[in-house]
Amino acid sequence: MRAGNLQLDSQGRLKHFLGIEGLSRELLAEILDNAERFAPVGDRAVKKVPLLRGKTVANLFFEPSTRTRTTFDLAAKRLSADVLNLNIEASSAKKGESLTDTLRNLEAMQCDMFVVRHQTSGAAEFIARQVAPHISVINGGDGRHEHPTQAMLDVFTIRRLKQRFTHLKVAIVGDVAHSRVARSEIHALRILGVPDIRVVGPKTLIPPRIEDMGVSVHHTLEEGIAGADVVIMLRLQQERMQSALLPSAHEYFREYGLTAARLKRAAKDAIVMHPGPINRGVEIDSAVADGVQSVILQQVTYGIAVRMAVMSMVMATQSLTFGNGQGSTDVD
Amino acid sequence: MRAGNLQLDSQGRLKHFLGIEGLSRELLAEILDNAERFAPVGDRAVKKVPLLRGKTVANLFFEPSTRTRTTFDLAAKRLSADVLNLNIEASSAKKGESLTDTLRNLEAMQCDMFVVRHQTSGAAEFIARQVAPHISVINGGDGRHEHPTQAMLDVFTIRRLKQRFTHLKVAIVGDVAHSRVARSEIHALRILGVPDIRVVGPKTLIPPRIEDMGVSVHHTLEEGIAGADVVIMLRLQQERMQSALLPSAHEYFREYGLTAARLKRAAKDAIVMHPGPINRGVEIDSAVADGVQSVILQQVTYGIAVRMAVMSMVMATQSLTFGNGQGSTDVD
Amino acid sequence: MRAGNLQLDSQGRLKHFLGIEGLSRELLAEILDNAERFAPVGDRAVKKVPLLRGKTVANLFFEPSTRTRTTFDLAAKRLSADVLNLNIEASSAKKGESLTDTLRNLEAMQCDMFVVRHQTSGAAEFIARQVAPHISVINGGDGRHEHPTQAMLDVFTIRRLKQRFTHLKVAIVGDVAHSRVARSEIHALRILGVPDIRVVGPKTLIPPRIEDMGVSVHHTLEEGIAGADVVIMLRLQQERMQSALLPSAHEYFREYGLTAARLKRAAKDAIVMHPGPINRGVEIDSAVADGVQSVILQQVTYGIAVRMAVMSMVMATQSLTFGNGQGSTDVD
C-alpha cells in the first residue's frame, strides 16, 4: 500500500497527513481552500474557533523543534483542542518502554490525533499503520522523507501571492539531498501543475536521479534562479558544514548565498521563501531575508492556518466515523 | 489521626485522596460509581465536562512520571480545569526554597488541588496536613506507601469485567516489597470484600508479615495463580535487578514471568492486569501482554475516568464549604 | 524617548508595561483600581473571566523563574487567554537563531503579548521597540533595571492594608544595589506620594547617589526601620554571599536580618513584605516571615490580580486599535 492510500479513508477523504506524494490535485486544493477559511481567524480579536473542542491532540516530538511544535500547538489551541506536549525521548525512554507501548497508551488515553516529528524517515507512516482506527496521524517531519504541512504552507503562500501555479518557475536552492522540506515541496508543486521546478546546489547536496521527480538540476545559483517567480532557500544544517560535503559556511555563501545582486536574476516580482530558522549570511543575506521580496514571515503566519485546515479535515473524517456529533457538555 | 480520617471532611465526604487504607467500602463504591458516570465522556466527540471550570489544579511531581502525570493532566483538562504542571525539583529547589514555602506560595496563588507524586512515603499526607483548608491533595504515588488512584482504576477494571468482588481469587505477582501499587491494591481488594488475595514472588521481594494484611503468600507462580480470576503483574524496577535482591532479568522471567502456558493455571476467563510501563520478557511475555486476556490498556482508559471521579469528588466538598456556587464569568 | 513614553499609546493609555519610572500617579492608580476589580475573581468558585479569550500570550523567560512565570501563567489563564510558555535559551538558541528572528516569528504567529524576563537591563524595552504594533510587551524583570509588576503588587498590598500613601514611612532593606525590585518600588512609592522612603543596608549593597531618587540612606537596621509603617525585605542573592561584597550569611543576618525584636522598632502596626523566595535565617527570621505582621503570602495572591489588571489594560489598547471587537467563534 502506498502512503497516498493509507492517508485516505474509504471515501477518499484525508484521514492521516503523512506525505504529499500520491495525493491528488483536488485534495491539495481542498486543503488550500480550507486554509483560506482559517487564515482570517488569526486576525480576529478572538483567535479561536470551537471545531476541535473536547478533542485531545498529542504532539509527539522525538526531535527538537520550536517553530513547528509551536505552530501546531497554537493551531490546536485556536481550534479549541486540548493539547498534550510530550517530549518522548525524555519521558518513556527513561523507563525503557517501547515506542509501540507508548503509542498504545496514548490511544488508551483517548487521544484523537498524533502530531509526530521523528528523525527517522517513515516514522509517521509506521505509526499511522499501527494506531487504532480512531486516531489520525499528522507528519511534522520525518527524517529526510517528507514535511507535508511545511510544503502546504509554502504552496499556500505561493498561491496567495502568485494566484495560479500553471505558469510558474520555482527554484529550490541548497541542501536538497538531506531536505524533507524540498522533497515535499517538489511533490506539491508538481501535483499543483508548476511546469518549471529547478533544484539548485553543489553536486554533493543534490541527490542522484532527482530529475526523475520532474525537476531540472542546476549547479550555479545564477543559472538556477534566472527568471524564477519563486525562490525557495533551504536551511543549511550545521552538521553539513562540519562534514566533508561542504568546504565552509563562508565558501557556501560565496557560491550559493542569496544576495540582493543575485536575486536580480530572478523575475522582477519574484518572492523569496525559507522554511526557517534562517542562517543569516550562510544561505541568505540579511538584506534579502528582510527585503521587500521576502515572504518568510508570511509563511509562518500561513503555517498556522494550513495546520488548522489539516487538523480539522482529518478530525472531520473521525467524527463522522466514530463520534456521535452531539458534544453534550454534561456528565449525565 | 489516621490517614483514613484526614481524608474525610466532617460529613464523611472525600476531601483528600491519600491512601486506600482506612476508607469504607461505601466510599470506594461511591468512587467506582462516579467513575462509571465519567467513563462515557472519553468516548464522546466532545470529551469535556465543565465541572472544574475555573479551578486550578497543580501537578506537583517530585519524581518523574509519564503515564500518571499525563492521565491526571487529561482528567483535569476534560473536567475543564486550568492545570499547572510543576517539576518541583527543577524549579524552587534551585533558589533554595523549602517545600513548605513552595506549598504556601501555590496556596496563595489560589490553587484548588495538588496532585502530588513524591519518592518519600507519607509525602502526600505531610502536605495534606499542612495545606490551607481550601486545598485538596491527591496522592499520585508516595514512596513505597500508596498509589490510591492506581488501585481504584484496578478495582474499577475488575468490577467492569467481573461484576462482583465477593467471589474472586486475585493474585498479585512480583516485587510486592517495594510496590506502593501492591499495598494500595491489597487494601482496596480487602475493603471491597475479595475473599482470596495472594501475593506471589521470591522471598526477597515479599515483605515479612505481609500475611497480616489478609493475604496468602506464594513463592511459585504456578501455585500462586492457580485458579485465579485476576492476575495482577507488578512492574519489576530496573534497580532491583541491579541489586543483590535478584539474580537477573532472565532468571526472574524463568521463575516469575507470565507466559501463555503458565496463565493456563489461572481460571479460564482470568484477566491479566499491569500498572505499566511493562517490561516485556521480564515480568510478562508479549504474547500475554497483547493477548485476549490482557486488560492492561483498558486500565489506562479507565484511569482517566477514575481520576476525573476523584477530582470532582474532592472539589465537591470544597465548593460546598468555600465556593459561592455561582460561577459568574464577568469581572464585575 | 524615555521608557515612560514608549509605554503609552497616543491617547496616554498603557500599551507596554516596561517600568514604573516616568509613569503618572493617575496611571498607577488606574492599575491599582483595576486590580481591585480582579482581586475577587480568585475567591470565586469559577476563577475565570473571558476578557482575553482567543488572545495568545507568550511567556518568554530567558532567566529561570517559578513564582513570576507561574503567576503570569495563571493570570493569563484566568483571563481565558491561550498561553505559550517558551524557554528561549533552550529552544531557538540551539539552532543559532537570533533573538530578533525569534521575536519576528512569534509576531508572525499572531501572538498578542510577550511577557519577558531577561538577565539584561533594558531587554524588555529593547523588545518593545522592535515588535510589531499589534504586540504588547510586559517586563517580568530585566537585569538590575525594573520589575514593574512586582512593584505594583507591592503598592497594591500597601494600599489594601494602609489605605493611603501620603503619610507612610517605608523602609526597603537589603541588597538595594542589585535589586530591580527595589528600583521599581522606589519609583512607585515616590509617584504615589510616599513622603518617607528609606533604603537600608551595608555600604557595599547601597548604590552611590541613591539619594538622588528621593530616598534616605541608613546603614543600621535599627535606625532604618524606626517608626516605619512598611518594612520591605529584599532577597539576598546567593551569589552576593559568595562574592567579596558580604562576609557571610550568618554575619549578614546578625546585622540586617529582620527579627521579632528588631521589628519592634517599626510602627506597632507595621507590615512586613518580601518579594520571595525568602531565605529564612538570612534576611528574615522565620518568626517574622510567618508572623502576624507578615503579608508576604498576600503579596503573592495580589500579584495575580495585579497581573490580570495590567494584561487586560494593555490588551484593551490593542483591541480598540486593531481588533474588530466582535469575537465570533465560527470559522465562517
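In this document, chain identifiers A, B and C correspond to the written order of the chains, with residue numbering beginning at 1 in each.
By our rule, a residue touches a chain if its C-beta (ideal position, glycine included) is under 8 Å from a C-beta of that chain, and two chains touch if they have at least 3 such contacts.
Everything numeric in this text was worked out from a predicted model, so none of it was measured.
**Student:** Given that subunit A and subunit B are copies of one sequence and touch, is their interface built from the same residue numbers on both sides (over half shared) or different ones?
**Tutor:** Different: when the shared numbers are divided by all numbers used, the fraction is under half.
**Student:** How many degrees of rotation carry the C-alpha atoms of subunit B onto those of subunit C, rounded to the nearest 5?
**Tutor:** Nearest-5 rotation angle for the superposition: 120 degrees.
**Student:** Please compute the C-alpha centroid of subunit A, do the same for subunit B, then give the distance between them in whole Å.
**Tutor:** Inter-chain centre distance comes to 40 Å.
**Student:** Hunt down the residues of subunit A that sit against at least two other chains at once, touch-wise.
**Tutor:** Within subunit A, no residue contacts more than one other chain.
**Student:** Where on subunit B is subunit C touching in the complex?
**Tutor:** Answer in residue numbers: 53-56, 82, 84, 86, 91-92, 94-98, 101-102, 104-105, 107-110, 319, 323-332.
**Student:** Hey, which residues of subunit A end up touching subunit C in the complex?
**Tutor:** Residues 37-38, 41-51, 64, 66-67, 70-71, 73-74, 77-78, 238, 276-280, 297-298, 300-301, 304 of subunit A touch subunit C in their complex.
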